[in-house]
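In what follows, structures are represented as structure tokens.
Next come two complexes built around chain A: one with chain B, the other with chain C.
Right after this comes the complex of A and B.
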């Protein structure tokens, strides 16, 4: 299963970068959002760490939608969904592979979002960068697990797949709150007691939705 | 099996009577709360609405699991109906809660675990209804909707925990000492919970009745079209 997962992820990443576009749309949208939000403060005013982290996660949330829409569009454009379903690879490895590819693309986007937040919103990391990275990875897992499942649901829906974002964004609320709270404290450099609880909540989200997605993916991504 | 209209009328009358009884308990039986005064009486609507909204969303989850398990689309119909009633009750719970909050906390809205969880649930299930209406999923629509119904409910405890970690000022109803409610207040809460429960059942059964009739009409129209086309040929 690990081998087929890596094969799917590798195929998707190659396709994503083959056209020279990759996650460019997601990166540009995120940069635009950071820039637009930077206009909400008067010249000389500083953004709080919490505002900065909220904008960063908002960009990431939009990026997840675009990335998974792209990853599942490959199967639609090339008409390969049925071939993948009929292949000997376990169906769960399709979801896992797409989730892995999506997580890598999201991480790439977030490098740009974070740099933009440092430049436009004057974010400054005073705490541990390792903890910040650990938090981003933990939240990204949940975002991509859910994004992979939603992407599969939107597969073959044409323009209707954008409607799924109506339900995706509220579902992400616990993760985004966790990301904002831990990120704020790491940026301030003063860790409160509840950081461990937030990490627990984020990991619980990752575990619950990974289990659910492993079971449910085969129901949504199947032949007619 | 279609539900008879007479049965629905009997149920509706029962709901009206139980709602009247509930109002009697609110205005003539339950004592007036010392600090908040008459405004506190909105609590007797707010709490049952929130409880039944949660029950409706639990029902959507159960019906969604049944869709995947039995592949019977009857459960999909139930999931949709329960989501409709749940969104209605959830919306009313939010409105009554907001009015109560304005009177007691001097704000229409505040960040609180229960309020935030209810709002997020409202967003999720309103989105779910929108997706149902838009026909997302095509031929595998019932399966897609079932997966959404399951995923939406799995999120509820996580949303609640995250909102509680953020911060809270909501009064605790189920405290170890009974949440500070007088016994008469508790009786009024339960009478109204039952009354809203009966109304909940009436609304759900009426919607199932409507949907069953709508499906039947669609079927008759489709057969009529086929027959007309055959005659023309």
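Right after this comes the complex of A and C.
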């Protein structure tokens, strides 16, 4: 299963970068959002950490939709999905591979989003960068688990992007709230007690949706 | 697997899409080294039957028994299953890794040579013509060395040279003992190669028997 997962993730990353399309669209959209939000403040005014984190996660949320839409489009062009289903690789490794590839692409996008936020929104990390990274990874896991499952749900459907957006965004809310809340505290450098609770919520979300996706993906992707 | 056990057995298999009957009462077997042709008019349910046989669709009724593991089955259809943004070589390397075949690059190049694509190994599959993409699809099938092959009009859009390669490779697969289920729209051309024929018409199996006994003119 691990070998199949890595093979599928490697193939998806190769395809994502080969076409030059890959994460470029998501990065450009995110950068545009950060830049536009930076214009909403008067010259000399600073953005709060909470505003900065909210904009960062907004960019990430849009990036997830674009990335997973792209990853599942790879299997539609010449119906390679059928060949993947027929292959001896466990169907769950397809979900895991796409989730892994999506997470790597999302992480790449977030480097740009964060640097842009530092430059245009004057974000300043006063707390622990390690904790900030841990929070981003925890939220990213949930976002990509959902992205992989929802991408499969929209697979082969004309209104895929609409479907992905309508279902994905509401489900992301707990993750995004946790990301904004913890991120704000870490950026301030003063951790409140409820950070642990938000981490608990995010990790529980990751676990529940990972389990659900492992169980549901086969049915969803096959369209049963 | 015992000698007498067929590779594929269908018992009273039927399929509905919603309330619409596609076919019902299909029973047949496929032995090692046999070619079974599936034919019938447009909309008779041939492609659906093939998907049921291959395990891509669960039948609504009846039982499908396959004596072959997933990794030893191959499907080749209208679609080429090719990643257009990857080279021909990279496409085969991906399937090689996914099937755990462990072939070295030279062996994969040899496969491309067998289908006449050696000179295009490092070209993007997206630049290939329909015939070349279908030949790459055939190379993927050969890479798997399957015991059971499902073909959905594989010769569609192929020129004579490509058809000759396809038929040559299928003959070799059959001699190796592979069972082949083959949907054909050109019975006159393909019937001679078939051991068995399954003819679908109006949701029923109107003929199942040796290809040589089938009266083409009567059916027409």
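Basically, the second predicted complex is superposed on the first by the 218 of 224 C-alpha atoms of A that agree within 3 Å, B and C clash if a C-alpha of one lies under 4 Å from a C-alpha of the other, contacts with A are read in each partner's own complex, and residues count from 1 in each chain.
Methods note: contacts are C-beta pairs under 8 Å (C-beta built on N, C-alpha and C of every residue); 3 or more make two chains touch, one makes a residue touch a chain.
In this text, all values refer to a predicted model and were calculated from it rather than measured experimentally.
Chemist: Could you look at A:61 and tell me whether it touches chain B, chain C, both or neither (first, second, both, neither)?
Modeler: After superposing on A, A:61 lies clear of both chain B and chain C.
Chemist: Tell me the contact category for A:198 with respect to chain B and chain C: first, second, both or neither.
Modeler: The answer is first: A:198 touches chain B but not chain C.
Chemist: Regarding the shared-chain residue A:210, is it in contact with chain B (first), chain C (second), both, or neither?
Modeler: After superposition on chain A, A:210 lies in contact with neither partner.
Chemist: Touch test for A:181: chain B only (first), chain C only (second), both, or neither?
Modeler: A:181 sits against chain B, while chain C stays out of touch.
Chemist: For the overlaid complexes, name the partner, chain B or chain C, with more touching residues on chain A.
Modeler: The partner making contact with more of chain A's residues is B.
Chemist: When the two structures are overlaid on chain A, which partner does A:167 contact: first (chain B), second (chain C), both, or neither?
Modeler: After superposing on A, A:167 lies in contact with chain B but is clear of chain C.
Chemist: After the superposition on A, what does A:51 contact: first (chain B), second (chain C), both or neither?
Modeler: neither
Chemist: State whether A:15 touches chain B only (first), chain C only (second), both chains, or neither.
Modeler: Touch partner of A:15: chain C, not chain B.
Chemist: Would you please give the residues of chain A that touch chain B in one complex and also touch chain C in the other complex?
Modeler: After superposing on chain A, chain A residues 224 contact both chain B and chain C.
Chemist: With touch defined as at the start, can you tell me which chain A residues reach chain B in the complex?
Modeler: 146, 149, 153, 156-157, 160-161, 163-164, 166-167, 169-171, 173-174, 177-178, 181, 194, 197-198, 201, 204-205, 208-209, 212, 216, 219-220, 222, 224
Chemist: Report the residues of chain C in contact with chain A in the complex, numbered from low to high.
Modeler: Touch residues, chain C against chain A: 54-56, 58, 69-71, 73-75, 77, 79-86, 90, 94-95, 97-100, 133, 140.
Chemist: What does chain B use to touch chain A in their complex?
Modeler: 68, 120, 123-124, 127-128, 130-131, 134-140, 143-144, 146-148, 150-152, 154-155, 158-159, 161-163, 165-166
Chemist: Residues of chain A touching chain C in their complex?
Modeler: So the residues of chain A in touch with chain C come to 3-4, 7-8, 11, 14-15, 18-19, 74, 77-80, 82-89, 224.
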